[in-house]
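These notes open a run of structures that come right after.
Presented sequentially are two complexes of chain A, the first with chain B as partner and the second with chain C.
Here is the complex of A and B:
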């Protein structure tokens, strides 16, 4: 679909209703992949892409302006930075606790719990940054020539 | 305690500072942060170099996972040396950046500029410090992606095409590199550079590993702009904001040379590549071609930033020629030229940054009469130019003298002659600028300009000064480069 006929798409009731039904499930599935990344297939990168695809679907159906109202530029911009900082922050925390960078053992009294917590936070950082990057890239292309 | 963590701090301090810049957003505050961080990085790299010289190689295991399973950072004399080059250029570029970037980059994007500059430094330092071939690829991408953004940031629209072209070529180079790593992994099952160096000799005769070497060499040759894979470089340097050009010209290609050294001398160091694949001869031939093609094309340029970019191609030729000689003196010449070229070319591009700051153009014709109007800046250009030519007492002389010695050692007399002749080509293109700046009267409509501001002059004079300080007393740089070269050649059987 070319982006120029988004206005046309707005009148397509079926697409609007179906995507509205789908979007919450896409988001939920994104969260599932995020939190189960350390037990099964998945992880921050995949989760971030899935989570972002919900916003991209929304943008395809309802237009870029509407999407920017849902996720303003400052949200995605901060998200990009927050994810990296969370990742690096976990590493710095382990440094301050006297272990090597990203040695999660230091994060809890029990090394296994430390590993769990560490990978969870790091993947969360990855997820946030990837999600915001995907949304930013999509909107940057789709919104070209508008502003 | 902190000494033990210096290798990781070297990389994560700029990495963390970059997203912090995105939050701070204020041009002045982000500039101040970037400046402080770049000096902290310089301090760390100098401490690392001292540590390595005092007590040998430093190994740092990320996450406490031992190599070859985990990723390790490994600092030896060579990597510490390259990090000192990168961080010292970074430390003088950031103070310089303030005025130059304000002039050439939109004010509301300045914070992104500083974030990208820090990310680029992160990537370059990461490439240098990592002991893992795949991790090297990741950092290569971090530095490249930030570089594409930096190149496209200027107000000159041609920067966009230049950045796009660089993106295509750079991605090709990175892809080739990762294909090469993949092929090596297929045969050895490891990504750790030291481990690869141990395992590669056993499988060196296989087609797969030879293909890997070809992919790695070509991929990195694109990244370091070795003739004839250099086409992305002149426009990227010419149309990027001046301060970006300074930083890239003095660091990015050097780090790519470093990566090539790691491949040829460390990973394939145990294999007699001269016999199996004539890679060093190919490199030598291309290096000599680069020395002449780069200088010859530089003579015909009307945009002086572009001229200096072509001159960089020739200088890369000298570095690769030194490395291809495969002797301690030759490699020393190549390594010492990494530093020397960073100083003089960084300085010369800073001169052009000052010129662009005042007259808004890097065209030769617009520079008429600048010798009187901007005496310090143009004086620095002459000094830097002399160094580029290789006049005694300048760093250029040290490099070329060492390179000539290496050629004599090898008995490569024709090559020695070619080195001298190609140096003379530099006289021509430097003289063209001197002639216009000092002896041509300014055009009628040309507005007289003032000398560049102090904040830009001081970093420029620091680099130009360094290119004479280390030219008059080259012992310190030659010793470190020599140590690194001995370690590399010692890796050979």
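Here is the complex of A and C:
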């Protein structure tokens, strides 16, 4: 069962149905891990990987072409940069507000609120970059194996 | 026992990662276990399967003359590694150097300074924000590298010489 046998996979009814049922829940779980990272295990990195795995599963079952219709190349490529820029941008914002780089205390009037906001934004940046990186790498590999 | 089928090797690596994640859970490092399960057992297994689809599923047979030096080398390396662990502090030792540096400060002050329940997140995203920024850049660079090496290969071949492109 290699990734190049996409046409073979497309005929597997059980795989198609089960993955269609599972994918929304994988995406939901990814979002939960992203936004709940402050309170329980998880965070941007894990959330990005889980979120990307939904798209990878979709690509495994339905093919790279279909997946590219759902997430075009420009989305994942710009997402790669957007995540990093969001993270670094928070740092630059704290610099402009008169604090050290990535010292979130300056982001709000209350230092605790600032920390919360900073961590939220930074984790979001990590999540976006990791998710887009995983999708990009997988599609680069799988798209090449196609005949 | 020797496995030449690379497909089994990849699956075994994934199983190894999953067991590693289970060990992290036993050691109460849930965040690390989470990452190991998602990345080690999940995505990297799929990526290695993708690599197998591009290359071949069987390892090439190598000459058996190299077995003895290889065995010797791994034995010596293993012995050196075990020797290195001899003067490591005991597991869970409170006086280990790693527990005396910045860790107590993070654990004590995180509740007042950052006020989020998960100290791991507050260390990762706030106290150690520089490191995490660096890690994000590493992932960004990895994706850029993959794109630069194989990302556009198919398209160029399609516009250039046709036929016999992918096997």
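The criterion applied here is as follows: the second predicted complex is superposed on the first by the 144 of 147 C-alpha atoms of A that agree within 3 Å, B and C clash if a C-alpha of one lies under 4 Å from a C-alpha of the other, contacts with A are read in each partner's own complex, and residues count from 1 in each chain.
Everything that follows uses one rule, which is that a contact is a pair of C-beta atoms (placed from the backbone, for glycine too) under 8 Å apart; a residue touches a chain by one contact, two chains touch by 3 or more.
This is a predicted model, so every value here is computed, not measured.
*Asks:* Under the stated touch criterion, which partner chain does A:31 make contact with: chain B (first), chain C (second), both, or neither?
*Replies:* Neither partner.
*Asks:* Looking at the overlay, does A:45 come into contact with chain B only (first), chain C only (second), both, or neither?
*Replies:* In the superposition, A:45 contacts chain C only.
*Asks:* Which partner does A:56 contact after superposing on A: first (chain B), second (chain C), both, neither?
*Replies:* second
*Asks:* Counting only touches as set out at the top, which of chain B and chain C does A:100 meet: first, second, both, neither?
*Replies:* Once the two structures are laid over each other on A, A:100 reaches chain B alone.
*Asks:* Could you say whether A:92 touches chain B, chain C, both of them, or neither, answering first, second, both or neither?
*Replies:* first
*Asks:* Would you sort A:108 into first (chain B), second (chain C), both or neither based on which partner it touches?
*Replies:* neither
*Asks:* Of the two partner chains, chain B (first) and chain C (second), which one does A:15 touch, if any: first, second, both, or neither?
*Replies:* In the superposition, A:15 touches no partner, neither chain B nor chain C.
*Asks:* Quick one: name whichever of chain B and chain C touches more residues of chain A.
*Replies:* C
*Asks:* Determine, under the contact definition given at the top, whether A:78 touches first (chain B), second (chain C), both, or neither.
*Replies:* A:78: touches chain B, not chain C.
*Asks:* Give me the intersection of chain A's contacts with chain B and its contacts with chain C, in residue numbers.
*Replies:* Residues 77, 80-81, 84, 88, 91, 101-102, 104, which sit in both footprints.
*Asks:* For chain A, which residues are in contact with chain C within the complex?
*Replies:* 2-4, 33, 37-46, 49-50, 52-53, 56, 60, 77, 80-81, 83-84, 87-88, 91, 101-102, 104, 111-112, 115-116, 118-119, 122-123, 125-126, 129-130, 132-134, 136-138, 140-147
*Asks:* Once bound in the complex, which stretches of chain C touch chain A?
*Replies:* Within the complex, chain C contacts chain A at residues 30-31, 33-35, 38-39, 42-43, 46-47, 49-54, 57, 113-118, 120-122, 124-126, 129-130, 132-133, 135-137, 139-140, 142-144, 146-147, 150-151, 153-154, 166-167.
*Asks:* For a test of understanding, state which residues of chain B touch chain A in their complex under the given definition.
*Replies:* By the definition above, chain B touches chain A via 1, 5, 8, 12, 15-16, 18-20, 22-23, 60-64.
*Asks:* Under the definition above, what is the set of chain A residues touching chain B in their complex?
*Replies:* 77-78, 80-82, 84-85, 88-89, 91-92, 95, 98-105
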